[in-house]
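You will see two complexes here that share subunit A, one where it goes with subunit B and one where it goes with subunit C.
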Partner chain A sequence: MQTVNLEKENYKQLLKRFIEKNDEETLYKADLFSKESIRQNVTPDEIIHVYIQALEDLYPDLPETFRRSLDFLLETMISYGVAYKEFQEMREEQLEIKSELALAAKMQEKLLNTRVPEIKGLDIGAISIPAKQMNGDYYHFIEDHRGNLGVAIADVIGKGFPAALCMSMVKYTMDSFPESRMLPKRILQLLNRVVEKNVDPGMFVTMFYGLYNPDSHDFYYASAGHEPGLFYHGQHGVFTEIEAKGLVLGVERDVTYKQYKRRIELGDMIVLLTDGVTECRRGERFLERDEVIEVMKQYTHLPAQQMVERVFRYFEELQDFQLRDDFTLIVIRREN
Partner chain B sequence: MNSQSCVNIEKEWDIVSARQLGRNLARKLGFGTVDQARIATAISELARNIYLYAGSGEIYFDIVEDHPKKGIRIRAIDQGQGIEDIGKVMKDGYSTSGGLGAGLPGVKRLMDEFHISSVPGAGTEVEVVKWLR
Partner chain C sequence: MNLTVNVEKNEKEYVLALSGEIDVYTAPRLKEKLLPLTKEKGTLVKINLEKVGYMDSTGLGVFISALKSTREHGSHLVLTNLPEKVFRLFEITGLNEIIDIEEKVRGGL
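Let's turn to the complex of A and B:
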């Protein structure tokens, strides 16, 4: 790009030419001048000052009344200049904050990272996408030495930074649990104590915890107020809600959780999700749960990972690519 | 004319007197129209702060020399409530977002030097200098 001369003399020549010729080319150059001024942090009042000086040079015999009116114009622009500088510095600060946030988000991703385990007889898919930079959803897979699969899915009530910090705490608490087979009700009970003790009142965590025994194909689970997941009956091709009751984590100190058990047949699926999935909106209206199920049905023939990705893409598009809430979806299918 | 001049700020009208005195002094010193306007705007801001928040106070003007530089110094002194958290009022966006004007960060930008000291419950003193270029 050609550089623009920000000298007063240059401005004066432009002004002179425009007054004589009244042409578009000079106006274009004036546009370049103003863009370059912005780039070099020249304030609006300074441009006016350059204009006044140029005018006085070109027309030394300006009527005093007119000249004075220019001072008046300058005076009214001084505060704009100050505000302009302030906004510039705030914008720089904002960029700094943004890059810091991006760094934090990256770090969080690393912290919360979990590998989808490969277990014979199970096809597993998982996706978790934050609405903003930081994710307030969390999912985690644990495989114990006996080959049992533990799966956790959680959602902090709240979004952004505070929710993300809270999630990191939950993750580290879970990491500290012994690796041996832990029952879902016990895990929720322990986590509840930690959350209750360490998190602000007003911040809650919902969690669903499941334990899959790949030998007996029994699925044990418990819920702490988490968005109900779905069972898919492969044989009949229908979804039903996973019913599980339990208090949200962090409300009361001593809570016991009820544990449920279900046998998973060949072709069945366990679908776990957060309210970012069920609270998708079409325009102003929330989707009905049936509509969510209808969407899932379209993709049940796909491998689990493809299925969660396609479902996510469907909802993302539905919301014009602007997620309103963190979105997490897990599919576990029993296969041959 | 090197002696110090002072304007008492009690009424809104006094803000105008302070601006006038400061602008005249700046012009005599040889400041150009833009700097005159900036100095007047800074004085306005300081005087308004006194008028709005302290009730009354004084603004002093004098010429400072730091060879070979020459400049105008303005000191705004009040015995008002003082400022609890100077960091907060010096933060960008604190006053402008409320439409209160340039605020103290604005004054700092308009001038070359800026010093503030405040004792909660006892008053505030702001000293600013603009050097002739």
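Let's turn to the complex of A and C:
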């Protein structure tokens, strides 16, 4: 990097040379001079001030009217100097906010962190990618004392900070539930009350909650308006939608949820996702659910964790791919 | 993509014709126009969604705010002519059970 001398004298010499030679090289140096000035927080009016002084040194006999006009120019530039200083302050503040946000995002990641459990007879994979810095999606695994697996997947409306704060609230509410076996319909009912009481009128959370009994291989589940998940029938190699009806969390005070039950056979899979998966955009077009299913079919032979990662990577590598919303995908497969 | 909101008033009824996309960028403006109308006691606020090509969950948030406001202020909200894709969002989220939806349009945009 070439160093530039910001001395008045240097500017004067550059100006002199350019007036005499009218050359590209001096213009290039003038460009470096202005860049270095910006780097050293020199304001626009200060540059004009230097210019006037240099001009007066070079041409002591400038007509008085022209000299006065330069003072006039300087005067009209002073506000730009003030605005420039404000801009610099804002830029510093922005950097500060950015680093605080990064810190908050890290903290959130830690807070919402959940371990994918190892349960005999089950192969589990999960991936969650935020569209922005903070994740408004959330998933959670819990094992109760009888060895049942609880799984929650949730999406809070909106993105960024408010969504993330709301999700932390949901997570802490779930943590406060007693460890004894909790039924999906009951969990959603309790959570709904907490969310309804504590969020803005236009905000809501969608959640799917499932409870897997690894002895009987019965899967109990309920949905609070969540994007429908999928069952994969290992024997026939087909995906079908998990039908579960229920109102989103946070809209009405007292809501009861319907609970469903399904037996999971060897080789079957439970696929849970958020609408970030189906709201991926390719150029002007949104991905259809059927396309998502087609992609998943390609990877059903892989272990669950590899499967979810490959599905995400597939979308990520598409041309014009745009992640509009947080993306979360969970696969639970019954195996030997 | 943009959203245009056309408001017509007849007596105690407002008819809003929406056209375009309702997403995180356009939803705040819709909310700004819609919410004050729901605060007039006894009014009927009818929203025609026929020309809505896309809506995301932020749009649902606006209609939930409006619904809550009608309950608070004694007005009424009706959604009409929902394209199938938009209706599906209301169905998945269970909101079709609590919001008055008059008609849905087959296929839609």
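Annotations for the structure displayed:
Operating definition for what follows: the second predicted complex is superposed on the first by the 318 of 336 C-alpha atoms of A that agree within 3 Å, B and C clash if a C-alpha of one lies under 4 Å from a C-alpha of the other, contacts with A are read in each partner's own complex, and residues count from 1 in each chain.
Following the convention adopted for this analysis, a contact is a pair of C-beta atoms (placed from the backbone, for glycine too) under 8 Å apart; a residue touches a chain by one contact, two chains touch by 3 or more.
These numbers were taken from a predicted model, which means no experiment stands behind them.
By the touch criterion defined above, A:A104 lies against neither subunit B nor subunit C after alignment on the C-alpha atoms of chain A. Residue contacts after overlaying the shared chain place A:E252 against subunit C, while subunit B stays out of touching range. In the superposition on chain A, A:E89 makes contact with subunit B only, not with subunit C. Contacts of A:D71 after superposition: subunit B is touched, whereas subunit C is not reached. Of the two partners subunit B and subunit C, more subunit A residues are in touch with C.
In the overlay built on the shared chain, the residue A:H49 is in contact with subunit B alone; subunit C does not reach it.
Once the two complexes are laid over each other on the shared chain, residue contacts for A:L302 go to neither subunit B nor subunit C.
In the superposition on chain A, A:G225 makes contact with subunit C only, not with subunit B. Once the two complexes are overlaid on the shared chain, A:S79 sits against subunit B while remaining clear of subunit C.
On the subunit C side of its complex with subunit A, the touching residues are 24, 31, 54, 56-58, 60-62, 64-65, 67-69, 92-95, 97-98.
The residues of subunit B lying in touch with subunit A in their complex are 33-34, 37-38, 40-41, 92-93, 96, 101-102, 105-106, 109-110. Across the complex, subunit C is touched by residues 155, 157-159, 201-204, 206, 224-228, 245-248, 251-252, 275, 279, 286, 324-325 of subunit A.
Listed in rising order, the residues of subunit A touching subunit B in the complex are 45-46, 49, 52, 71, 74-75, 78-79, 82-83, 85-86, 89-90, 93.
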